[in-house]
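What follows is a pair of complexes built around subunit A, which joins subunit B in one and subunit C in the other.
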Partner chain A sequence: MISRKHTSLFFVILPLLIVFLFLINLWYGSVNISWIDVLDTLMLNSNQNQASHIIILQYRLPQAITAMSVGIGLSISGLLLQTTFNNPLAGPSVLGISAGASLGVAIMVLLGGSMGLKLSGNLYMLGDMAVVVAAFAGALLVLLIIIFVSGKVGNAVTILIIGIMIGYLVSAIVGTMQFFSSSEDLHAFILWGLGSFSKTSLIQSISILIVTLVVVILSMLFVKPLNALLLGQQYAVSSGFNVKFLQTIFILISGFLIALGTAFTGPIAFIGLAVPHIARTILRTSNHRLLLPAVVLIGAVLTLGCNFISKLPGYDASLPINAVTSIVGAPIVIWVIIKGRRMSNG
Partner chain B sequence: MDNSKFNSPDKIKPHLSSDNCILRIENLRTGYNLSRSKIVSLHNNININISKGELIAMLGPNGAGKSTLLKSLTAIIPSLSGNIYYGNKNLNKLSRKEVAKLVAVVLTDKIADRYLTAYDIVGTGRYPYGSFTGKLTSSDLQKISNAFKVVGAQDLVTRVYYSLSDGEKQKIMLARAIAQDTPLILLDEPTAYIDSPGKVIILNLLKELVLKHNKTILLTTHDTELALCYADKLWLMGKEDYFQEGKPDDMINSGLINQLFDRDGVEFNKKNRRFEIKKKI
Partner chain C sequence: MTEKGKIVSWSLLIILISVFQFVSCSRKNNTDSVAEIFDNYPEKELVSLASYADGFDIYEVDNIKKLVIYNPRNNNEILSTYYLTDSAYYSNYQTSPEYLRTPIDSVAVFSATQLNAFSKLNILNKVCAISESEYIQNPEIKELYKTGQLVELAGNGNFYLERTLEVNPKIIFYSPYNMAQKHPLAVTELTMIPFFDFMESNPLGRAEWIKFTALFFGKDNEANSIFDTIVNKYNKYKELASSTVNKPTVFSDKYYSGQWFVSGGNSYIAQLFNDAGANYLWKDNQNTGSINLDFEVVYNKAHNADYWRIVGTYPDGFSYEKLLAENDLYSNFRAFKDRKVVFCDSKKSTYFETGTLEPHLLLADFIYVFHPNLLEGYKPKYYHLCK
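What follows is the complex of A and B.
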């Protein structure tokens, strides 16, 4: 068992790390801005017309807030799904919800493009919002199908398999649409698929953060049933919980978080699957009373870190975030899991 | 299928208003729905009572419907028809939480989690009590530590459940059921996968729960010889609605045990109370 000291150290260091990474994200970018200007801007002391003021408030701040919020949202959804389905491989991609989002966007960009709606190309302002709506609608559509299915079949494995199948089905439709679309539209769609935290305005990013935090607080109410589900569905029933109802609630919460994140940033790989594993291994616990807040903190640290790395090349365009999360994250997870194995065996 | 032909009472009539009766099963039909039109029913008309302070062992071959009956009694699996009464309350009219305060279970389900400690697991036994989110109260903590004491697993409290032996795991699941503080405990094959001394330890524990802690216990098992030693009552279950209830001695003497289990040259020796190869005369 992990010592209490170790656990409280974790909950002190991680918030500090988040603040540090957050500030680094505001400070570092293709344009050099001094630390003094960063702090001035945050204190609202700077001249509104100053370039640094505009860059930070209109670009870097919303980007950092979005990165953090989406990291938190995806990580929480990953944890809820892994517990609900009692499956360590469950994550945002398995229920087909992010595939649903890409279907929405594909219909918008690819089909819309070929039907003469010129939203594509660089995805201008109006196009951007339309893409968000399309992605959200697509994700919600798949989410509703999954909820409907889970109402019919109680069995978690069946729901999981159906979710994966819906994912394949949707991807196949998207693939077909890609095949028949113009290269310009295709380019726009692929760019969306690479993910980006920099498509949101300040207001949007703050809204995403608030909504995410509300949902996170809501999920904190479910510590007991989540812990009960770790023993399996039948034991959870015997502990007095309505498992079918809980299953629907958790799919709904995590589906909503995935839809929200994917709509504004495109599909972000890896975070949702990995963060719960990192949290469990570091804290050596499955107790959701610790795991939920831990996952929030690690999710924020990881996405802020990845966002910083994606800006490292220093040019106008940053690296695609989807690639960074996988390249940075996958080795971390492999290391963490091997380390965890050795500790639990030894 | 016509149910009426199964209505011949199995020599036992339910005592409808016995104070001693903790669980009453009426015209219970167990099984499961494969699809809307396809229903597999295992037993069509079970009528039986469980009295306070009994240790009942359910015996029967695989597929006889023992586990299904056990899970039907706690509404983990819905029964196809009939009624189950806890005291005078119908199971169908009780909430999940209310049921969880009346009956605890130990199942054969494996727990895959690698980090939960024995304490975490026994702690879930207290979940039916207290609020949806609430932390464990001091009385909960008391009940949990008492449960560890009863099963003699104080030394396992902080151990990771996953790292325990099968016998230790079974003790922890039993402690969880004890912490749940219900008058009735149902156990599905509590002695499976456990070595011989371990089996005796578990059954001794169960007997002690009945004698010293006012529990009533219904379990399924394939360890027939042990069950005959420890159980106050046997439920013999077979396919095609075979269901018999009785005391171990009566059932042995009347040859019911032989009837149900003897096969392929193996017979139950009434004198030694164990299964042997049939001697050629």
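What follows is the complex of A and C.
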């Protein structure tokens, strides 16, 4: 374990980094806006009809808030799942929950087209809100199946395997639907799959943030049982915890967070899996009292950083966020893990 | 070998050589293939019969028409060449597989846009197969499909290989998005003719593809007269709008899933805007297709624009409330606040099927929106200004 001093330094630096990255996200984009305009807008000093005012307040601000919230939500869910299943590979995509969201969107966008169920002839007319509802419904459906199964089967590994199987099943169904869809519908579906933080309005993004923070605070109540679970199910049982109940609660919490994030932004890969590892390696601890807040901070830093990187300089479009999180994140995780190994060996 | 045998074999050899010489002489006097007729022809005198379209050229020599199809992404690259003639004379020595005798009696048509040309040329009876039947709106074709006179060879992006072999059309008109990929029906070895009207960025150029279609069915004169009428009407409207000094600003399309696909400055729609006397905000862009932009880029440039053009369809028609429900940010555009959305209901107006051959009406619709005093009493067909 690293020294207390390092730990407190971590919890001072990261919030500052979040504030810094948040402001950078508001200032930097395809359209050049000066710092003064950014500050004026934030102080509500600027003319409300000014283009920069609207771009910052209604486009970049919700984007940054959504990025942060989704980063926090996915990271927390990753940590909860990894502890619940006692498996370092657990994450949002593993339980099939993001696949469930994809299924919802695929039914809406792809199947709707070929079955004539589509509300309109032109899929771009569906709007993002309908897609959000579909994604949420799909994710919750898979979540319910998993909770149902976990009620029947107590074994965490079995639930994990069933989750993976559901994921495969759902992917196969989505793949089949893709095969039978028109190129236009496919394009829309692929766009959704690339992920984007810029599909939410200011009110939506603030709601996502509040809901996420409430769930985060809620999960803070479970630090003790989480630590107990870490030492094995039997240890948790002997400590007087109802493991089955806890598992259901954790799956429910993480599933809800994943569904929320995926619905509004598309399936964001990688964050949920990686952030807990980064937190564990940096803090050199498995204590959830430290890990939970650390994961929240690192998740926010990572998504804000990725959102910033996705806005390429001198280019009028942004890179898809899903590509950026993986391209930027994967090397970080590899580096962190190798470095962590070396430190523990040396 | 006996003396007699030697004489016989020698004389056989001589006969063989002279026959060979005779054959090769006669071929030299004439030409090896239909292609050579064009190769030997003085280049200066070859003038393409297609004047607006970039995607194809038609040359005519001695009652043979040479059709050259270019790669729409690179107009210097020839994708395929066909020789078409209704004269039996050339078939005696034709050697090239691209040689086609017209009129063709059966064709599979894989795009509803192309079917409209068949309908105008009165040759729907030559069409033996279609694709994506559920998206076709043309009533005649719907009826023929229902009664089984037309067969469907592709649906939802999948091609029915065995049925295609069974129907065995003489030629297939298809619209590939990606030429690098082999077409799923290529294994049938049927004659597949790429049809790139949708890649044409000039409105008249896109309409000119009716000449392309007509070529295969000996309907050249009809196509020419239909096209000339379109050109005349189009130019008349264009002339009308060219006098305008005050050019309202306009932008186009919508934001979807984090991207705003904006029509390029050299695109089909950009040229219509220009000809209709409007100032398209992305007119300086060089792209002929569309470009994907961040919301803020579009907003920054277009928030004060006068008009906003959208093509699409809503179940019970367009309304500003429905548009706003898709994205709250739309309310910040002046064109939205002032109710200046120019909307084309692609389903009700059959825009994608009939619009191609009515560029003059698209143009007139726009002129009526941008400069209503120029066309008083006009009834728009595709684009309406939504109040």
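Everything that follows uses one rule, which is that the second predicted complex is superposed on the first by the 332 of 346 C-alpha atoms of A that agree within 3 Å, B and C clash if a C-alpha of one lies under 4 Å from a C-alpha of the other, contacts with A are read in each partner's own complex, and residues count from 1 in each chain.
Keep in mind that, in the parts below, contacts are C-beta pairs under 8 Å (C-beta built on N, C-alpha and C of every residue); 3 or more make two chains touch, one makes a residue touch a chain.
Just so it is clear, the structure is predicted and the values come from calculations on it, not from any experiment.
**Q** Please determine, from the superposition on subunit A, whether subunit B and subunit C clash or fit.
**A** fit
**Q** Between subunit B (first) and subunit C (second), which, if any, makes contact with A:224: first, second, both or neither?
**A** first
**Q** On the A-aligned overlay, A:60 touches which partner chain: subunit B = first, subunit C = second, or both, or neither?
**A** second
**Q** Taking the superposition on A as described, I'd like to know which of subunit B and subunit C A:31 touches: first, second, both or neither.
**A** The answer is second: A:31 touches subunit C but not subunit B.
**Q** Does subunit A have more residues touched by subunit B or by subunit C?
**A** In the superposed model, C touches more residues of subunit A.
**Q** For A:86, select first, second, both or neither according to whether it touches subunit B, subunit C, the two together, or no partner.
**A** first
**Q** Counting only touches as set out at the top, which of subunit B and subunit C does A:280 meet: first, second, both, neither?
**A** So A:280 only meets subunit B here.
**Q** Looking at the overlay, does A:235 come into contact with subunit B only (first), subunit C only (second), both, or neither?
**A** In the superposed model, A:235 contacts subunit B only, not subunit C.
**Q** Between the C-alpha centres of subunit B and subunit C, what angle is subtended at subunit A's, in steps of 10°?
**A** Computed from the C-alpha centres, it is 140 degrees.
**Q** Look at the superposition and give the distance in whole angstrom between the closest pair of CA atoms, one from subunit B and one from subunit C.
**A** Checking C-alpha atoms only, subunit B sits 40 Å from subunit C at its nearest point.
**Q** Can you tell me which positions in subunit A touch subunit B when the two form their complex?
**A** Interface residues on subunit A, with respect to subunit B: 1, 86, 220-225, 227-228, 230-232, 234-235, 237-242, 280, 284-287, 344.
**Q** Once bound in the complex, which stretches of subunit A touch subunit C?
**A** Residues in contact with subunit C: 29-31, 51, 54-55, 58-60, 113-114, 116, 119-122, 124-125, 127-129, 131, 179-183, 186, 188, 191-192, 194-199, 201, 266, 311, 316-318, 320-321.
**Q** Which stretch or stretches of subunit C touch subunit A in the complex?
**A** My answer: residues 132, 134-135, 156-158, 177, 254, 256-259, 291-297, 299-300, 303, 311-315, 325-329, 332, 346-347.
**Q** Which bits of subunit B are touching subunit A when the two form their complex?
**A** Of all residues in subunit B, those touching subunit A are 71, 74-76, 95-101, 103-105, 107, 109-117, 120-121, 124-125, 127-128, 132-134, 158, 160, 162-163, 180.
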